[in-house]
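The same chain A turns up in both complexes below, where it pairs with chain B and then with chain C.
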Partner chain A sequence: MRSAASYRLAIVGGSVLLLEVLCRAGVIDHLTMPAPSEILRDLAVMLRAGTMYPAMAKTLLNVVIAFSLAVVVGIAAGVALHGWHALRQGLDPLFATYYAIPVFAFYPLLIILFGLGDTPQILIGFMLAVVAVIMNTLNGLDRVSRVLLKTARIHRLGPLATALKITLPCAAPHVLTGVKLAVAYAFIGIIGAEFIMSRTGIGYEISFAYNNFDNRIMYPLILLILVVSTVVNTALSHWEKVLMRRRGQG
Partner chain B sequence: MSRAHVLLRGVTRIYGDPGASSRQVHALGPVTLDLRQGEFFAVVGPSGCGKSTLLDLIAGLSRASEGSIEFEGRAVAGEVPEGVGVVFQEDACFPWLTVSDNIAFGLRQAGFDAQERARRVTHAIELMGLSEFAAAYPAQLSGGMRQRVCIARTLVMQPRLILLDEPFGALDQQTRLLMGDELLRLWRDTGATVLLITHALDEAAMLADRIGVMSARPGRILDIVETGWPRERDSRIVAESSFGEITSRLWRSLRAESLKAIGKSASAK
Partner chain C sequence: MVRSRSSALHGLVLVVGLVIGWQILFEIAGENALAPPLETVTYLLQLLSTAAFWGHLLETARAFAMALALSILLGLATGFTLGLHRFSGEVAEPILVAFYSVPKITLYPIVLLAFGLGMPAKVAFGTIHGIVPIAIFTMNAVRAVSPVLLKTGRVLKLGPWEMVRAVLFPAALPEIFTGLRVGFSLTLIGTLLGEMFAAQKGLGYLLMTAIGLQNVRVIMAVTLFLVLFAASVSTLLVVIDRRLHRRAA
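After this line comes the complex of A and B, so read on.
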């Protein structure tokens, strides 16, 4: 475990260091990419100036909305589908091929339906994220042993209490895998949507900076997204590990 | 002691499509049986004879196709009655809860206040020798310990009828004998009626007041053997001469049925 962590650190740290050297030696010219140390400094300047706070707030709020909706709807749909066998059998092939469909292709339709506001962007984030939650919830519920379901009946629990007190807690590590994917998909959906159909948000600001050759804005924003999504994912992974360790796995 | 606590009258269970008799499986019955208040009753039978089906029916986990079941004078039909506790062979611990939270689960659902919960859980933890493991998760425990957690979780509800579906089936022989002792002690302390399903003749002979011998599928009660043990007893009775007589009587009744269950006729050697 310790050596795995040090390999990881060596690869990431080494790559950053290599980039730094290549940029400073002029192998990568300054117009293409500033050195990582400069990006970091620009990010600090940007954060201190506070000019990007409205964009950041807007993007993060939309990610949170899309993610929360995906988790709530995804878990509820997972529980419902688990109990509704015929419907599930009908939908399973659609879920399996769902990620072959480029959701972004629907953006003109979403704009026609919902206008140019935040709604179509949130919907894209939601649509990307929700199916991962449903599939992983179903996967977890499938693994709940029959004896636990019997135990629920011995304790005279109704269907809702059984889901909340027994089957979902039992399936929690699998549900959490779906939740982790939902974070990633919500970020991808929202920022991608901001690139193509928004006048605000981090995605829009990156695209705007790109079109104006403004590397001192573009790269720090990319770094910011990288940091935020890595932090959120690491926190969820840590939680997942705690759950798995309790069960004697991992 | 002699009042009937559980009453079964002509109980049968048939699985499958009621419209197509060729696709039906007659799993159990008809079974007519009385469990007396406070007795320890064991059921033995060849594998697949419907022992667990019988337990599920009494527990209200499934419905009888024909016949009636009563617990304390009220019909049992597809719903688990209040006052019934069940321990299964499979590990039924909740892996996401600590030992003490596992044991407190039913009390919490039933709305007992924190003080009463703590009192009962502490008592059960001490009784089952789990004090050191109260804060542990089931994954940290051995199979025998996990089964004790499940028994404790059942006991804290103070059930008047305890149904045990091969609870020691997954344990080694020594642990089974010791768990048997504990079970006898609990049975005496609680005064509950106990129904034990088992495939182990010695386990039935050691623990029970009466033993019902079931036929091969569809399971019916062929014979009821009275052991005549005193209420104060423990695993040392396996050394008594009458213990051997009881197990050999059980085996005489069961041998032909067990052969049937594995597809041979009784005459075949």
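After this line comes the complex of A and C, so read on.
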């Protein structure tokens, strides 16, 4: 395991080094991409100057709103659908094909409905994220063992108490898988929507820099997004693994 | 058989429900914001009889077909290589998973700078969306193939190509197919996103110009078309997928 990790580090490091050499040697022309070391330096300069903090804060806030909405609504809908069998069966075709539908195609429509503000972006992030939470919550609830449910009935727990005390904690690892996906989808949705059309946010800043051929802003921002989303996802995957192992399912 | 008929019924109820919801939304939001279902369908049919729309459609179809072919080819090759060589798989998996969850739209400027405007950039953008899920699913599928099958293959002295063709591929097919299904959707999204910027043709371009003109009817008709296409192909793929899994189980 350790050696796999060090190989991985070597591969990533080696690719960055190769990119650096190619850029320095002029194989990759400077207008196309600055060398990685320059990108890093520009990022440091940018972070120190603080010019991008308002855009970052705005993007992050929208990601958090979309993500929280998706988790709350998704878990509630998952619990409700688990109890309402007919509706669940009716919605099954929707869930099965949901991620095949290009959600971003709805963005123009949402802009017309809500105007070019934060709402359409949050809705796109929410729409992408919520179904992953619902599906994983259902998956987790399906795996709760019968004995535990019988125990709940013996203790005469109401439906809400059963959900909070028995089923949700049991389903937690699976719900967490949904939550992890929701983070990724909220990021993808918000930044994608900002990139397509908006007036603020990191995605907007990237497309603005791109349209002005401003590589010294564009590349550092792209790097920032890559680093943030990788770190967040790795952390959540790690947590998920720990949780699964504790359940003896890992 | 009964099962599939009842799920077809569920699908029908769902579609009717969605159309009713759409009509209600229209009544609330008004005609400046939305077009009603019937009008959208007739407008879409009208669009489908114009040569201009077919030009955009064919452009998107060509880009999507190329991107999908590349995603499948490269995804399967990567997946089989990493699945067969356990250590490489262990090294590469977290990298693939991390890449899967990155908002790839931010890489679009880089793709554009590397490939220039036009078809190659669209195809490349579709491919980077589709290749990763196919590779991840294939890798896990190949890893999960029972060792007995592999041993049998080795006893029969199969060459590496024969091994993939006669043992690994059939054994791993259900899981691989799931990967292809996910790859299909993501490639479509990637291709469309690629067309939304810096393209002069294609459905994505049509959507972008329609936003600029606030042309609700075009937006709704194109969105409906895309949703219908994606949902029907995906339903077909889901049915095949479930059948493959049931046969394997």
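Going forward, the second predicted complex is superposed on the first by the 249 of 250 C-alpha atoms of A that agree within 3 Å, B and C clash if a C-alpha of one lies under 4 Å from a C-alpha of the other, contacts with A are read in each partner's own complex, and residues count from 1 in each chain.
Quick note on the criterion: a residue touches a chain if its C-beta (ideal position, glycine included) is under 8 Å from a C-beta of that chain, and two chains touch if they have at least 3 such contacts.
Treat the numbers as computed from the prediction; the structure is a model and nothing was measured.
When the two structures are aligned on the shared chain, A:His155 is found in touch with chain B, with no touch to chain C. Residue contacts after overlaying the shared chain place A:Ile196 against chain C, while chain B stays out of touching range. In the superposition on chain A, contact is made by A:Ser237 with chain C only, not with chain B.
Taking chain A as the reference, the larger set of touched residues comes from C, when chain B and chain C are compared.
Residue contacts after overlaying the shared chain place A:Ala96 against chain C, while chain B stays out of touching range.
Within the superposed three-chain model, A:Ile166 lies in touch with chain B and out of touch with chain C [touch as defined at top]. Residue contacts after overlaying the shared chain place A:Phe187 against chain C, while chain B stays out of touching range. After overlaying the two complexes on the shared chain, residue contacts for A:Ser145 are found with chain B alone; chain C is out of touch. Across the complex, chain B is touched by residues 145-148, 150-151, 153-157, 161, 165-166, 169-170, 172, 243, 246-249 of chain A.
The part of chain B that touches chain A in the complex is made up of residues 59, 61, 79-80, 82, 84-86, 88, 90-92, 94-97, 105-106, 109, 137, 139-140. Here chain C touches chain A in the complex through residues 6-7, 10-11, 13-14, 17, 29, 33-34, 87, 90-92, 94-95, 97-98, 100-110, 112-114, 181-182, 184-185, 188-189, 192-193, 196-197, 207-208, 210-211, 214, 216, 219-220, 222-223, 226-227, 230-231, 233-235, 237-238, going by the rule given at the top.
Chain A contributes residues 1, 4, 7-8, 11-12, 31-33, 89-94, 96-97, 99-106, 108-109, 111-113, 183-184, 187-188, 191-192, 195-197, 203, 206-207, 210, 218, 221-222, 225-226, 229-230, 233-234, 237 to its touches with chain C in the complex.
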